[in-house]
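Before I ask anything, let me first share the structure, which is written out below as structure tokens.
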Amino acid sequence: MKTRRITNLLAAAVLAVASGASLAQAKEPIRIGMVTSQSGGFTAQGEDSLRGMQFAVDEANASGGVAGRRIEVQIGDDESTPEGGRRVAEKFARSGYNLLVGPIASSISLALGQNLQRWDALYVSTLSKSDRITGDSCNMRMFQANHSDAMDLAIVQPWLKDNAKEKRFAILANDYIWGRDSAESFTKAAQKLGKEVELSVFAPIGTKDFAPYIAQLKNSGAEAVWVALVGRDLIAFAKQAAEFGLTTSKRIIGHAYIMSFVVKATDSATDGVWGVLNYAPEIDTPRNKALVAAWRKKFGRDPSENEVAGYSGIQVIVQGVEKADSVKPTAVASALSGATLDTVWGPAVMRAEDHQLVKPNYVGRVKRVGGELRPVIETAFEASIATPAPTTCKL
Amino acid sequence: MSATLTAPALDGAQVKRASRLPRLLSLTSVAVAVGLAVSMLVESNTVMSLLTQAVIYAVFALGLGFLLKQNGMVSFGHALFFGLSGYLVGVGASLTGSVGTVVVLTIAGIGFFAFALALVIVRVPGIAFGMLTLAIGQSFYVLVSKSRGVTGGADGMSIEFPPRVFGLEIGAFQDPASMFLISWLALVALVLALSLLLGTRFGPLTEAIRENEERVRFIGFRTLLPRAVVFAISAMVTAVGGALSALYTGFVSPESLHWSVSGTVLIMVVLGGSRTLWGPAVGAVVYYLFRDYVGEHTTHWMGIFGVSLIAVIVLWPAGIAGGVMHAVERIKRGSGRHA
Amino acid sequence: MIGLQILNGLVYGSLLMIVASGLVLIYGLRRVVNFAHGSLFMLGAYIAYAAAQQFGFWVGLVAAVSVLAAVGFCLDRFGFRLLQDRDPLTVMLVTFGLLLVFEDVVQSVWGKQSYSLAAPESLAGTVELFGSPFPVYRLVIVAAGLAVAAALVGWLRHSRVGLFIRGASTDPVTTAMQGVNTDRLSGGVVAVGAALAGLAGVVSGPFLSLSPTMGSDILIDSFVVVVIGGLGSFAGAFVAAMILGQVQALGAVYLPDLAALLPFALMTAVLVWRPSGLSGSRT
Amino acid sequence: MTMTYALEAKGLSVRYGGVTANDGVSMRIAPGEIRGLIGPNGAGKSTFIDALSGRRATAAGSVHLAGRDITALGVVERRLLGLSRSFQRTSIFPGMRIGAQMELAASKIPDADADEVMRELGLDRFADRHANEIGYGDQRRLDIALALVGRPSVLLLDEPMAGLSIEESMKLARHLRELARHWGVSVLLVEHDMEVVFGISDSITVLETGKLLAEGAPAEIRAHPKVREAYLGSAA
């Protein structure tokens, strides 16, 4: 009796698999290699973006695939290092999963970009921000779906001009290339508007106790502080800034600060912090509304910016395959170059000159919405302001 | 009897050395043949690229293992020589077209640098030495991450190689199948060279220093110089690994200098066994294959690896190589008894 | 301003001292360089977090310290004791393996995101110090550090166990020959060492964030402290922790460009000057 | 008449950590002489050997080897000039083959013959064994063998008989006599076994709390009232 039931079940399963297979056989599946950080310094962001990518894939497969193609994925851990990312990506690409997406650190994205030709692969960057991805390291097979650093900084000056009464600023940034660049750009933007930067302090990456820096910031005459810190440092700073009352005495404006994982990891410490915001659920486009509704149905909450970044990366690949009607990386790449894509930010052009996705950007603030603390958009900047012109890239 | 007694010590040593050479050479040719066979028989590019990585790290592990074997010292900073080598090759390649010269100069330069460094630091005993190398390595990691300009800071540096390197097309270094062979031959050559070196008085001398440094001075040898030389050779072998890695990937990043890389390679060394020269290399290959296999099936590879590492260390104190040697000896003894 | 910075250095120094004294205890008695110490620190923080969610900070603190003491006891009983004849490198790598296992366990139970452990209500808020509000909780950390130091000194100076520990730290062979049962002693001592790591984890919770990598972050700083102090020396570790705290706090202000290098530079300088650390002999 | 002593210490003082371990000790050892050095525990015998061999820095005084001032020389130079020593805690190379370590010890000294020394000390049959595989008595002899390679002119022995059986001790004692007679090796012997010391020494020096207490032929020392009081009285 029991045996027969199992046999029936098996038969049904075989049938289901067979019919799925016959569908997939119609066209070659889309094979995506998701290379993301499951260990090391970027683990938390990696988990978020992976959830977003997986959601996009499930959504597409549930609706019968993309133009008759199913999506198949491989998921690998880049250990938050370029070496690890390169190893996993090469393995995926060489075994046919040559549409790559996922890394967080820019160094990993750049290491992949270097090898795409050799592996016959294509890569869509979704969480890296380095300008070099669309600058001196750009190439035919690499696409930037994320907001680049240049984009984040491009809106600082227009925002300061119309929205900031403060005259004097201080800067706290991590002591490495990204933090220094951010500080430099902010200083330029402020000075152009006749404002002053009274103090710039740079904390080494991996700083645990920010008290010495907070004391300097508090002691300065600045009315607001521009903060450019990464990951764990940022979380430690956020908590300690609140502890010392810095958050209430000066306006804090963050470069990559007001993100859901930071807000969640610091209780109410980020309440009232301002900053550049790449995504928020209230963005008013049909695609975003649909995403937020579906996400709420599945997870009972709004998607975070990292989750949406992952989601959008898969969207770019999927639309590239649709337009090319091929899964060959070269075909997908030429279809994507210059194409207008349907994104959660509305229609957006994948700029042919440097493969930067041209999209709007926002400044927001952490607020309580329905009892829950989250970043909320305060000012939106349209794509023409938010996306600076191509720089050194020659494609 | 009395005739042999007049100068027996030297004669004995020479006889031993003479009988070692043919055995070494035949082992070397077997190793070369194995490399050729693997590169021809393995068809999958995925497997090939994994093996290439493993062999490059085997060179790194060979260097670190040499230090442990001949000096008894644990370095948590050897990634410094690995990463620095990659950066020097990268910067050199951007300045001149003759990458072969750059690689040779890089390895020699790192040898001098390590030698000078060792003269200062080898006096520090035991685990504090390990921590000191960690501190020096991390300092360079921080410097390279922070620096702008040539090294590209935390974003890493892409290397533009000229079309030909060492008389070969650059493609040969970047294709897994041919690069596997190149790295394998480098590994075999280095093992052979180190074996020959250890066949001279340098071998027993450094071994004795490792065992009991003070006593070595009381039998009339200065110990600072040999220890510094071991450190320098170890750094140079590691630098060869770094140069191979840079050639293969065309990319260097500060992470390659991070202490966790040194830690990982140290695990390879102990896993493989540091009592033989080839043990660490075996450890590197096993580590890569293991991680690839486990990583494919579970996200808990770290925990599984931790448990396996503990098990291997506890069960086989002399590592995989030690276990193999032990088994071989038992078989030999067993068959000897029967014969 | 400088007074404030010295106070800041004192806070971080106290935290480091609590972690490092655990390391010193374990090294002193077992000659084990415990790489898993950072993960014990992390485990303490997570256990406190889990318990605090239900029962508040103080229960979390007690839970973390007791669980960690138990973990430490097991670590010695089923680990270090069985490995005591092995060479130090082997044992060190076993603790490295444990580090990987602990991190995996924490990730499996609590996931990969960061958490925040809130300071208890009674210790929240600030007091006016050097003309600027200073969090009360940070003063509590300094107090905790002093309390731990005093308790350790008292224990080591004035108890029989302490005498044995001091003996075993300086010369394990002789102590063993004098009939001290190192095995019986060390279960308790490693338990205390692990509990100190756990305590430091809990204490740091409210001003650092909880993440699966928090252990590795603190580990390097603690090693720097222990090595600068001279392995196995409590006095050395106390002094080194305070120096490192000051170097980081004052370095951040007066030598900002070198701040990241200062701990390593300090360690290199000390070891080149005195190869066995501050408390060690010169030979 | 001036005589060139094999080894001469002039007013040697050693201090560490506020303790004066040797306080102005002078001693002269003739070529081929066996000198016993005795004294209660903590008298500074091992420290004296450490100071002579260059292992420990001296605060005052000088050391002369065959008339040459070697006070400023290091351990290595002293060994190469012919001043050699053994250790109280056996100091060998545990993980190395005995033949290999003896050969290494021989390689720095011209005309040194490792095999002969091994034969003399009965170690030749262990040449292919690792040092940690042989018995404790054999390890003690290996320690001395390492010191003997190259026939040093002066041999400092720090309790060489400790841990040896009576039979082994007697054998070693005979061997030391032979070394002194046939090879002209001067021996400074620190030893707790009074029977051995008084049996083979040409003369004996007594140290107490770092200072020279008495010096003379075995019979004189045996009869010396202060020595009896300070040392022999309790021990013998």
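Think of it as A, B, C and D in the order they're written, each chain with its own count starting at 1.
Assume a contact is a pair of C-beta atoms (placed from the backbone, for glycine too) under 8 Å apart; a residue touches a chain by one contact, two chains touch by 3 or more.
Bear in mind the structure is a predicted one, so any value in this text is a computation, not a measurement.
> Computing the C-alpha centre of each chain, which chain sits at the greatest distance from chain A?
Result for max centroid distance from chain A is chain D.
> On a C-alpha centroid basis, what's the spacing between chain C and chain D, in Å?
47
> Would you mind pulling out the distance in Å between where the CA atoms of chain A average out and where those of chain B do?
So the centre of chain A lies 39 Å away from the centre of chain B.
> Based only on mean CA positions, could you tell me how far chain A sits from chain D in angstrom?
Inter-chain centre distance comes to 75 Å.
> So how far apart, in whole Å, are chain B and chain D when each is placed at the average of its C-alpha atoms?
Taking the average C-alpha coordinate of chain B and of chain D, the gap between them is 43 Å.
> If you look at chain C, which of its residues touch at least two other chains?
260
> In chain A, what residues contact two or more other chains?
38, 175, 204-205
> Identify all positions of chain B at which a residue touches two or more other chains, and write them in rising order.
142, 146, 302, in rising order.
> What is the shape of the graph in which nodes denote protein chains and edges denote touching chain pairs (line, ring, star, complete, other)?
Other.
> Name the touching chain pairs, please: which are they?
Taking the chains two at a time, the touching pairs are A-B, A-C, B-C, B-D.
> Inside the complex, what are the residues of chain C that reach chain B?
So the residues of chain C in touch with chain B come to 33, 82-83, 86-90, 92-94, 96-101, 103-105, 108, 216, 220, 223-224, 227, 231, 260-261, 263-265, 267-268, 271-272, 275-277.
> With touch defined as at the start, can you tell me which chain C residues reach chain A in the complex?
1, 4-5, 8-9, 11-12, 107, 111-116, 118, 126, 132-135, 137-138, 206-209, 211-214, 217-218, 221, 248-250, 252-253, 256-257, 259-260
> Which chain B residues qualify as touching chain A in the complex?
44-46, 49-50, 53, 142, 145-146, 148, 152-156, 158, 174-175, 249-251, 253-256, 258, 261, 292, 295, 299, 301-302
> Considering only the defined contacts, which chain A positions touch chain C in the complex?
38, 40-41, 43-44, 46-48, 175, 201-206, 208-209, 211-213, 215-216, 218-219, 232, 235-236, 239-240, 243-245, 261, 264-267, 269
> Enumerate the contact residues on chain B facing chain C in the complex.
68, 74, 120-121, 123-128, 131-132, 134-136, 138-139, 142-143, 146, 259-260, 263, 266-267, 270, 300, 302-303, 305-307, 309-310, 313-314, 317
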